[in-house]
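Have a look at these structures, which come just after this line.
Both complexes below contain subunit A, partnered by subunit B and then by subunit C.
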Partner chain A sequence: MADIGKVRIRIPSSIKPGEVVQVRTLVIHPMERIERDREGRIIPKTYNYINKVIVTYLGKTIVTFDTTQSVSENPFFSFAFKATDPGPLRVEFLDTTGGRYEGAVDITFA
Partner chain B sequence: MRRLSALPSLALGALVLGCAVMARQTPEDAGMLTWTSRALPEARGDFRVLPDGRREAIRYKGWPTRDFSAFRTYDYDDPRPEPVVERVTMPAGLKGDPTKGRALFLDRAKGPCSGCHLVPGADVWPAGNVGPDLSTLGDRGLPDPYLYQLVWDPRVVFPDTAMPPWGRNGVFTSEEIAHLLAYLQTLRGPLPPETDPDRSPFTRKKPVGFGDNLDPTNNPAVLLAEDAQALWEQKGPAGRACADCHPGGPERAMRSVATRYPKHVRIYGRVMSLEDFLEAHGPETTGRPYPAESADNLTMTMRIKMASNGLAVALDTSSPEARAAIARGRATFYRKVGARNHSCADCHTSDKGAKKFLGGRLLADVSDGLTRHFPTWRTDRGEVWDLRKRFQWCMTPLGTNMLAADAVEYAELELYLTTFDRGKPLNVPGIRH
Partner chain C sequence: MKIAVRASRTMTRRTMLGTLGVIALAAASGTLTPPRRAGAQPLGLNESLDEAMTRVFGSRSIKDGGSLIKLDIPLIAENGAVVPVSVRVDSPMTPTSYVKHIYVVADKNRIPVVTRVTLTPAAGQAFMGANIRLGETGDVRAIVEQSDGTLWQVKREVKVTVGGCGG
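Moving on to the complex of A and B:
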C-alpha cells in the first residue's frame, strides 16, 4: 500500500537532562519471509525483512538490533536511552535486499 | 446493474423529483435509478463458473469462495421471505453416538455449537455464551424429541431466537443431530472446578484495546493515510487534482465533511458513504479511478475522515430521503439471511448477543456506535478495512453471499448504524483485532 521505508519515531514531549527516555519507532516494511519445501530446501523467491536496526545519538552508535526473519511486518521497536545532551537521535533500518531506511528526531530539553 | 425502482418509497421520491425537473433532463437525472458497482473485482460479490459446472464466488485473497445462492441475502431485489418454521418429529430408531456428537459439537466447519454454548472440557476453546450454558443439560431430563426439534428448528419453541435452524437449513443431518443429542444427554453435574478463568466466557476477561490509535508507531494505518497527501495534489488523467477545486490541503478543505456521511446524494440518487462518493466523484473530476476497496480509495477516505477527527458525527436524519433510507437500513439490520438465518441484530443488540462472547470474540453492541473509527487497522490481518469490507466479512459465517462493497443496501445499513454514532467524535483510523 504505502511506500516501503517510512519511519516514525516518538519520544516524550518534554525531556529533562539526564533522564532515561523511552523511544518508540516503527518502519513500514512488507516482511517477505524465507520458506522451505518438504525436503528443507529454500524455495527460491525474494525474501525481504529488516535484519538490522542501528540507533545513533550525538553521532555515536548507542544500540544495534540484529533481527531474523521472525521480525514482523511493519516492525515496531521500543528502547530506552539516557538523554545527556541535546542533539539528533537517528534510527536506521536495514533490510536483506540492501534497503536502508532512516528516521531522526531532535532531542531537546524543555 | 442495480435497479432501485424495487424500492417503492425511493422510486416515488424519484418520481416526484423527476416531475419537478422534467423541463431540463440531465444525464444525472437519467442515471438516478441505476447504480453499477465500481468496486474492485474481488469486492463485487461476483461468481465464476468452474470447468465442472460449480459456481465459485470471486473473493478477496484467502476468503472462502463457497456459493450460498440457495439462501436469502441482503439484496433489496431478493424477494425470498425468511424460511418458514419447520415442525419435525424425530425419526424413530435413530441412535446417536456421544463421541461423534461431541466432535460435531466442536466442529468449526459446522457450527461450532461451542461458539455460543459452554460445555465441559479443556479442549473446548474458545467457548461463547450467546446461548445458554449446556454444561449440565443432561440433568434436566429433557426428552430427545424436544431437543431434536430445538436443534432442527428452534423457532418452533422460541420464535425470536438467535439460534440457526440447523436441520431446516441443511447444516446438520438427522443422524448428526442424533449424535449431538446423545452427547448432550451425557452432560451431568457436578462439574469439576474451573482451573482456567479464560476457558469460561462467563469469567473470561474482556479484551482491552490496542493503545493510542492515532500514534503512528502504534497504528500503521496512520502512516498509510499520509499517502493521500500526494494523491491530493497529483493531477489525474483529466488534468485536474483534488487540490485544484478544494484549496488549502485536505486538513482544511475537508474539515467536518466526514461528519455528514453517509448521506443521500441527489445527483447519484442514492445514499453514499465517503468511500462511495469518492468512487464516483474522484474519476468524474480528476479522471483517476477510486474503486471501492482499492488502496487509493481507502487511503483518501482515511485522510478525509482524519480531517474531522474529534468532531461530532452530524448526520442528516430528517430529510425524507434520509428517513426512508434509515428505515430500510434498519430493516436490513433485522433481516434474517443465509444458511444460519441470522440477522445483524442477533449478534449486535443488547437483548441478544451484544457484549457476549461468540467463541473468543466479544460481540459489539450497535447502540455504542460502531462506525466512527472506520476505516480501521486490523491487527490480525495487517490491513486497513473500511466498514463495507467488515460487512462482507460478517457475511461469510452467516452463510450468505456478500453484496458489492458499494451496494446501496450496505450504504443504507451503514447510515442506520451511523445514527448510533451521532454526537460522538470521529476517531479515524481505528485499530482493532
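Moving on to the complex of A and C:
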C-alpha cells in the first residue's frame, strides 16, 4: 500500500479559546492480523501493527493510546483536548516494525 | 600509588551510582507501565479474559460504573472487523482528580485487551473513540481507572454477524 502511514486529523472548523474540542484522527495502516495454523497456534513472526499513538499539544503529551491487533485496519481514534492557546497539535503513530507516522494541525482561534 | 588508589575509588563509586541508576529505572518502568506492551513480545497478549484481567488489574476490585461511564457501541455489528466504539466518562479533569486510563476489553477476543488510553488533565474531558475488531458475539467492557486508583466498569453485549477474527 502506497498510502501507508498517511495521517489525517480532523478538527472542528472553528474553535473558541478554552473550549474542549473533540478530534478525530486516522492513519492508513494494515494492522496485520495474527495468523494461526490449523491447530490454532500462532505463527511466530513480527506482525506489523500500531502499538502506540501519542498526541501532543503545545509540546506536551495529552493523550496516549496503547493498542493491540484488536484495533481495526486503518485505525481511527478520537480524543478530546482543551484548546487553551494557539499552537500545534501533533499525532504520532508508532508501529511494531519501527515505523513512525506523524500528522499535525495548527490550532487557531477564529 | 596514592593516585591509583583514588582512581580506583572513583571508579567504584561511579559503577555503584550506575548500578543504582539502573535499578531505579527498572523500578520506575515496572510501576509506571504495568502491562508490558506488544512491542517487545507481540504474541504475549494472546490470553484468556481472566488472565488479561489479572495481568492488568491484579486483584483490585472493579466497581460498577453504570452511572459514570457512557459506552457507545452498536448492539449489532455487521462487520466485526470495524466496530466503532467510544467511551465518555462523567468526571472532572483537574490535576488532583482525573481519569487516568480508559481500557477497552473485548471478552471473546483472543487478544482481549483492545486498547489502553492514558489521559492527562489537559485533555479537558475523559473521552476516547476507536474502531475495533471483534472476533465473535460477546461482551465489550470499558474499564476506567481514576487518578486515585479507583476502577469502574460497564459492559455491553455486541452481536457480531461476521467475525473480524485476528483480534
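The rule is short, and it goes like this: the second predicted complex is superposed on the first by the 101 of 110 C-alpha atoms of A that agree within 3 Å, B and C clash if a C-alpha of one lies under 4 Å from a C-alpha of the other, contacts with A are read in each partner's own complex, and residues count from 1 in each chain.
Quick note on the criterion: contacts are C-beta pairs under 8 Å (C-beta built on N, C-alpha and C of every residue); 3 or more make two chains touch, one makes a residue touch a chain.
Owing to the predicted nature of the structure, the values given are computational and were not obtained by experimental measurement.
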### Task
Overlay done on subunit A, so just call it for subunit B and subunit C: clash or fit.
fit
### Message
Output check: A:A80 vs subunit B and subunit C. Expected answer is one of first, second, both, neither. What do you get?
### Response
second
### Task
State whether A:I9 touches subunit B only (first), subunit C only (second), both chains, or neither.
first
### Query
Who touches more of subunit A, subunit B or subunit C?
C
### Message
Touch test for A:R24: subunit B only (first), subunit C only (second), both, or neither?
### Response
both
## Note on the structure
Min C-alpha distance subunit B to subunit C after superposition on A, in Å, is 6
### Summary
Where subunit B and subunit C land on the same part of subunit A: residues 24, 73, 76
### Message
Looking at the complex, which residues from subunit A come into contact with subunit B?
### Response
1-3, 6, 8-10, 24-26, 28, 73-74, 76
### Summary
As the complex stands, subunit A meets subunit C at residues 20, 22, 24, 33-34, 42, 44, 46-47, 49, 51-52, 57, 60-73, 75-82, 96
### Message
Considering only the defined contacts, which subunit C positions touch subunit A in the complex?
### Response
35, 37-39, 42-43, 45-46, 81-84, 86, 93, 106, 109-120, 122-133, 164-167
### Task
Provide the residue numbers of subunit B that touch subunit A in the complex, in ascending order.
215-218, 220, 223-224, 226-227, 295, 298-299, 382, 384
